[in-house]
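Chain lettering (A, B, C and D) follows the sequence in which the chains are written, and residue indices restart at 1 in each chain.
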Amino acid sequence: MMSWLMAGLLFTPLAWAVVSLLVGFRTGRWLSWVGMVLQVGASVALWFAVARESGFYYALGGWQAPLGIELQVDGLALTFVLLTAAVASACGLHAGVYLDPDKPWQRYFWPLFWFLWAGLNAVWLGADLFNLYVGLELITLSAVGLVALGGDAGALRASLRYLLAALVGSMAYLLGVALMYGQFGTLSLAGMSHLAQEYPGLEGAGLAMALMMTGLALKTALFPLHGWLPPAHGIARSPVSALLSALVVKASFFIAARLWLELGPNLGTLALAQLAGVLGALAVLWGSWLACLQPQLKQVVAYSSVAQIGYLFLLFPLTWGVTEAVSQQAQQGMTLQVISHALAKAAMFLAAGNLILSTGSNRVSDLAGVSRFLPFSLFSFGLAGVSLMSLPPTGGFAAKWLLLQASLNSGQWWWTLVLLAGGLLSAAYVFRIYRASFVEHSELDQFYHPPRRLEAIPMMLALMSLGLGLVAEPLLSVMALPFGEGG
Amino acid sequence: MSPEMTFLVLAAVGLPLVWLLLVPVAGRWLRFGLPLLPLPALVLALVPGDWQWALPWLLLDSLWLLDDLRRVFLVLTALLWCSAGLFAIGYLDGKHLKRFVVCWCLTLCGNLGLVIAGDAGSFYSFFALMTFASYGLVVHDGSVEALHAGRVYMVMAVLGEMLLLAGLILAVAVTGSGQLADLPEAIAKADHAHLITGLLLTGFGVKAGLPMLHFWLPLAHPVAPTPASAVLSGAMIKAGLLGWVLTLPLGHEGFRDWGDALVIAGAVASLGGALIGVCQTQTKAVLAYSSISQMGLMLLLVGAALATPERVDLILPVIALYALHHGLAKGALFLSSTVRLPRQRVSRGLFWLLIALPGFALAGLPWTSGALAKLAMKEVLKADKLAMVTAPYLAPLMTAGAVATLLLVLRFLWLQRLKDETGRNPLALTLGWSLATLGSLLLFWWLPWQAEGLVASPRWLPESYQYWPLLWPILVALVIGGLAARLIPRAPRIPPGDALVLLELGGRWLWSWLERPVFRGPRAPASLNRLWRHLPGWSASAEQGLRAGGILALTVLILLMAALL
Amino acid sequence: MAEDFWLNPWLPLMALATSMVAAVVIFALPEERHGLRTGVNLAASLLKLGLITVMVWGVFQGLEYRLDFTMMPGIEFVLRADPLSMMFAGLSAVLWVLTTAYAVGYLEYSPNRSRFFGFFSLCVASTTGIALAGNLFTFFLFYEMLTLATYPLVVHRGTEKALAAGRTYIIYTLSGGALLLLGMAWLYAETGTLEFTQGGFVEGPLTPSLAIIFALLIAGLGVKAALFPLHGWLPQAMVAPAPVSALLHAVAVVKAGAFGIVRVVNDVFGIEFARDEGLLLPLAWLAAFTITYGSLRALAQQDLKRMLAFSTVSQVSYIVLGLCLASPLGMVGGLVHLLHQGIMKITLFFCAGNYAETLGVHRIDELDGAGRRMPATSIAFTIGAFGMIGVPPLAGFITKWTMGLGALEANMPWVVLVLLVSSVLNAAYFLPVVHRLWFRARERDWPEEVRWGRLETMSWLLWPPVLTAAAVVAIGVLASFQFSPLSWAELLVNREYLP
Amino acid sequence: MSVHLLYAFAGAGVFTIGLFGMVFMVHLLRKLLAFNLMGSGTFLVLVGLAQHRNGVDPVPQALVLTGIVVAIAATALALVLIRRYFHLTGQVTLEPGSRDDEGHS
């Protein structure tokens, strides 16, 4: 049973990727819907399995690490698998309608989409550093492909920039992995953590850590390494942007966070933790500020991602050298932030895509008068915006609340200011869009309402993000599912 | 309380309000209700027996009641409003009739209600209703003078209301209950007894024309429609007096200095008012100053009562008597100011007699209410029975007051003669005026006065030895008046409202200061605006720089992190 | 109602849901279905009024309605009905009915009505939520929701000015929300609970961090309550349509702030604790200054609604000031003003809207002679204005009287002086308007006159102000009646806060 | 110092050169080559360091094999993109200052 599930989660996407490479877009679409159902089913089944028993290690095909692929199935990984299933399905459904099936290059969409999904699952479930690297690369390459798919010069330029940045990041990470392996002789995170505890003060481990962290920060687009993100996310097709912003950047952050939580207590320093926090804070401020200045709708959303990613890096100072309870709060807050941002940002990009479809323009100022027609997508956009502003009862609020508590309880009150300022600045750019839609003097008297399905999907995502705060308690309980050896 | 009485009380206060409901539907016949409206109140005043009616759900736990003191005021108020209403039927043209009726009814309701109010909340409510509604009566005419007078009236009224509110709140805070009957004792015991006394004195003083708070009177009376002036001066001004009597700590020790201060204020009012009044050129302005002067005389009584607790029971009936006397007489005089004289000699003489008699009554002509009031006043203010510094001066003051009063009346008559309007009067107008005059001349004959046998009915007539003291001031005044008419070709002009002119200058300066930019809200400095304009551009180029140098930044970051670890 | 009626815990949620559901339905309705929309609106508002009435009766009998569930570790979502919440919920329910009716008339023939009424209902839902919130977190939730729901109403007209006002509004209120959030998070970190508790849950002694938390909470709430210097958004927001202004000023937004301050002082810190530790005195000074400042600014205004806005700035601080007196009567005065100010101010805004809609008049100096043209509206305005001044026997007087007594009870006589000065200033800016209405002759044509048959204006527009004006008189005259606002406030204070 | 360690150090050097190239080269193909240099450097370190510490170890060999596959895939993708980019624009650089954010949805 379990092996089927695990295989389903990793190999179905790969298989679907290969198969859909052989068929056209339309057939691929049918195929993919079936695949999505399978994926969602497998994810939910995994949830039940873990809830019934507990988390476990799983060696794929019976091959033990380091040569085989070892998977770590715990509450956190499960949460992210579920999140991926939800968001990727939503984006896939949206893309199936949104993309023009008659363009020849669209046939590559589904393979790339499935490769991406496979990479994501690999990262969530991966237990050793090298497999994480492979998953990461799989994600990167398919994401770049998706950005470039059928694009013009601008899209290509953006995707090239993205690719180069991501490759450099991967290399930095890989070099770090190499140093780590040289040092510890193992690739398993757990084992490494164990060894680091046993032999503190190993020279070279610090450099390895730095390389990995920086590489991952580059891939996560932490300020000031975020330059590649806004062009790529802004220029890609909306469903692709949604996938990229919601999930792809989270993958590298997920690895960074796991590294930090396992190795940080022994290898990290206060200065490093604070540096990460400061960069995160700067990302929040700078990203939000630039989002306020962008003339184009999707650029606003893309810069908003830069800002929201900044929040995530507050995890580093809030889990270093604090009590177990505070660290717990910070981790919970971070998980919620990842989830709520994923849902909200996906909703936002999809809604933005719909709005662009309706108005025929990507410019914020062309939204003038749109609110008169009460477009569904504007609502979705707004609801997602509420989550980004982290107002209650959204998941964003729950996350912010936990982070606030963590920073207050650990005495690092300065992060509260960042959290609050970030909320206000995000309000500034969200309301900029609203404001534009309320302008009354436009000549607009016709309005193209996109197909219902296109509009329903972002709304669903936005509502999920909105309701996340209401179900934060059960959600956090999934994350905190116990972890036992075996499997 | 019997149901009939309940109904009567409700009718007395409520009838004017009910009449209001007719305003939207009624036409020109609306005015015919005016004399009827106060009738239930009049009946109420004449039904013997004191009563109290507790209304715990109304306002702040209300109590309405009627006792002897209030009864006098109720008679005065109802009668005067009645005759003024009658007069108004003939006086009014159709202009702004509805508005006038609305204001009239509201003012009437307030004026009647405050008399029977027994608790601070309802008293103050009715008082305020009267104050604010009567604004409409003052500015009814809509002329520039009327509007100016209205503004002055309103400013002073608001100030008065606020002083009053402060005083009442302070006093009620001490008692804990809002009953007026408990107030004097509470004030006497309060920590801020003198503050409260001062607030109440000045608060009611605005209405009662206390010197330096009197400015609105000579402005408002001339411009208001005549029936309105009559009630303003006859009834409403007495509301202030009633307020004093009900709330000041009369009968309690410790306010002797206040008594002296009031006497001085009264002296200033009665003599100063007269002095300024004779310089006026409008009949109604003269009458207004006369009211100020008369209220000055009543101030003497209030001062004496405040200073001599043990004499309060004697003085209060005299105050009531004096108020009744002055109210009716002054009402009659005001009404007469717009009466046209008939052409025939005989009836013309009769008219002059009827016009002059209330005036002479004010001066204390024997066989009039004035004589009764003056005598009673003299009796209670005998120097040997009062323990005041100013006690010895009271008698001469009263005499001087009588002279001054008559001088004002003579001035009024003189100006009235100058106007020399002849013609027919509308019937209602004549009736109203006659009613007021007759009331002034005859009413007091029937009233059962009881003040320790002092002026007890039926011995209201002056004793023979009293004629001379009553008469000689009248003679002196006649002589002075005659001489003045001969010798002074034109009276020096003093604008109505005297010292107000200076105050208004100050007010204008203050207003111009308020309009300065300080109160217009802050503005961001220009440099900040400039910075704000350039910021987006700078940010965009910084972002371009970051994008280009991203990988360089990465290198630096690796090194930095390695150093930190 | 039986004590153990199974529906009891759900009543608060139902009251909340009526307007919420109404909002969703209205959003879903096509723009042209005006009749149906009006029906939904009115039905929902009446239904809610009924529910609130039931709860008021229950609360009066000592029942407590409560619904809670856990959202996050340690954070509960709590709805409950106690006397204070009933006071505010009752106000919003009553005025929602009237404002809805008014808005139906006001927006007749104007575009975007679906959007307007949808957000309008959301706004009311948030207000109800604020009223029924059982802990600070739930309060905050609806407080922020109110901010968001109001923005579309403020910018409804879509003009440059409206958009600028909306921007100012959102900047102010969201910043306030951020301060509130910080204070709330800190408070939670210090005390570990947020549940509104009778007598407060903050334990002495006063530490500096508690004092800062208090300041943060008050500042956050003070933005909406328009305490100086956080009042800047209010006068700008008056560009919104009149029903919205009415809602902003009378029912929802400023009241939410004031209500929040009441909650924080009473149920978080505890009135006695706050008083004894000297937290209230600075707040009282601030409120007193705001009262005076607002009135002074109102004096200089030429635009009627702008003047009313500054008047609100001044009046809302009465509530805070009354609370800060921390004496039974003072609190009664403050609390009762929560209702009184709402009803008086809504009357004034309705009337201002009527003048604007029927005559095209926006400025005070264009009002000459409006009393003849629109007597009913003008009478309502006059009553409202006199109420604001505090002329007896109207509602405002009851407030002033009670608060004045409370000030003396609390041994803060200077407050009486503030009350008087403010009354004088109120008179100084209201009386000239009243004078113009009634005692100035009309010399020019009205800027944009619209005729509505026999009545002076559309009946949808006419009746709401007339009714509220009648209420201003009634709640003043019948102040000691058993279910009057004053009695309710007394019940509240005697039962809960200063027994 | 063993020969393995020498490999590792050489690898670090190659990596640094590659990084340098990434930063300062403008031509896209050169950047791609620089990336490949970085990759090679990393692989050297991986193998060299591991052998130095743990003796003969098959794991790094396997890892490097995988890594090379990944690098080839990435290079291929980059080449496709660069080629198409050159066809569309005639450019071989991502010139700084150009507006990247125009275009379609």
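The rule we apply is simple: a contact is a pair of C-beta atoms (placed from the backbone, for glycine too) under 8 Å apart; a residue touches a chain by one contact, two chains touch by 3 or more.
None of these values were measured; they are calculated from a predicted model.
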| item | value |
| --- | --- |
| Longest centre-to-centre distance from chain A, chain (CA-based) | B |
| Pair of chains joined by more contacts [C-beta pairs], A-D or A-C | A-D |
| Computed distance of Cα centres, chain C from chain A, in Å | 43 |
| Distance from the mean Cα position of chain D to that of chain A, given in whole angstrom | 25 |
| Centroid distance [mean C-alpha coordinates] between chain B and chain A, Å | 79 |
| Separation of mean Cα positions, chain C and chain B [Å, integer] | 37 |
| Multi-chain contact residues (two or more partners), chain D | 19, 22, 100 |
| Two or more partner chains touched - positions in chain B | 547-548, 551 |
| Shared interface positions of chain A, touching two or more other chains | 161, 168, 231 |
| Residues of chain D defined as touching chain A within the complex | 8, 11-12, 15, 18-19, 22, 28, 31, 35, 38-39, 41-43, 45-46, 49-50, 52-54, 57-60, 62-63, 66-67, 70, 73-74, 77-78, 81-82, 84-85, 88-89, 94, 98-105 |
| Complex contacts: residues of chain B adjacent to chain A | 536, 539-540, 543, 546-548, 550-551, 553-554, 557-558, 560-562, 564-565 |
| Of all residues in chain C, those that touch chain B in their complex | 232, 296-297, 299-300, 371, 375, 386, 389-393, 397-398, 400-401, 404-405, 408-409, 413, 416-417, 420, 423-424, 427-428, 431, 435, 438-439, 441, 476-482 |
| List of chain B residues in touch with chain C within their complex | 24, 56-62, 99, 121-122, 124-125, 128-129, 132, 136, 139, 142, 147, 150, 154, 158-159, 161-163, 165-166, 169-170, 172-173, 192, 514-515, 519-521 |
| Chain A-facing residues of chain C, complex | 27, 70-73, 75, 77, 111-112, 114-115, 137, 140-141, 144-145, 148, 151-152, 155-159, 162-163, 166-167, 170-171, 174-175, 177-179, 181-182, 185-186, 188-189 |
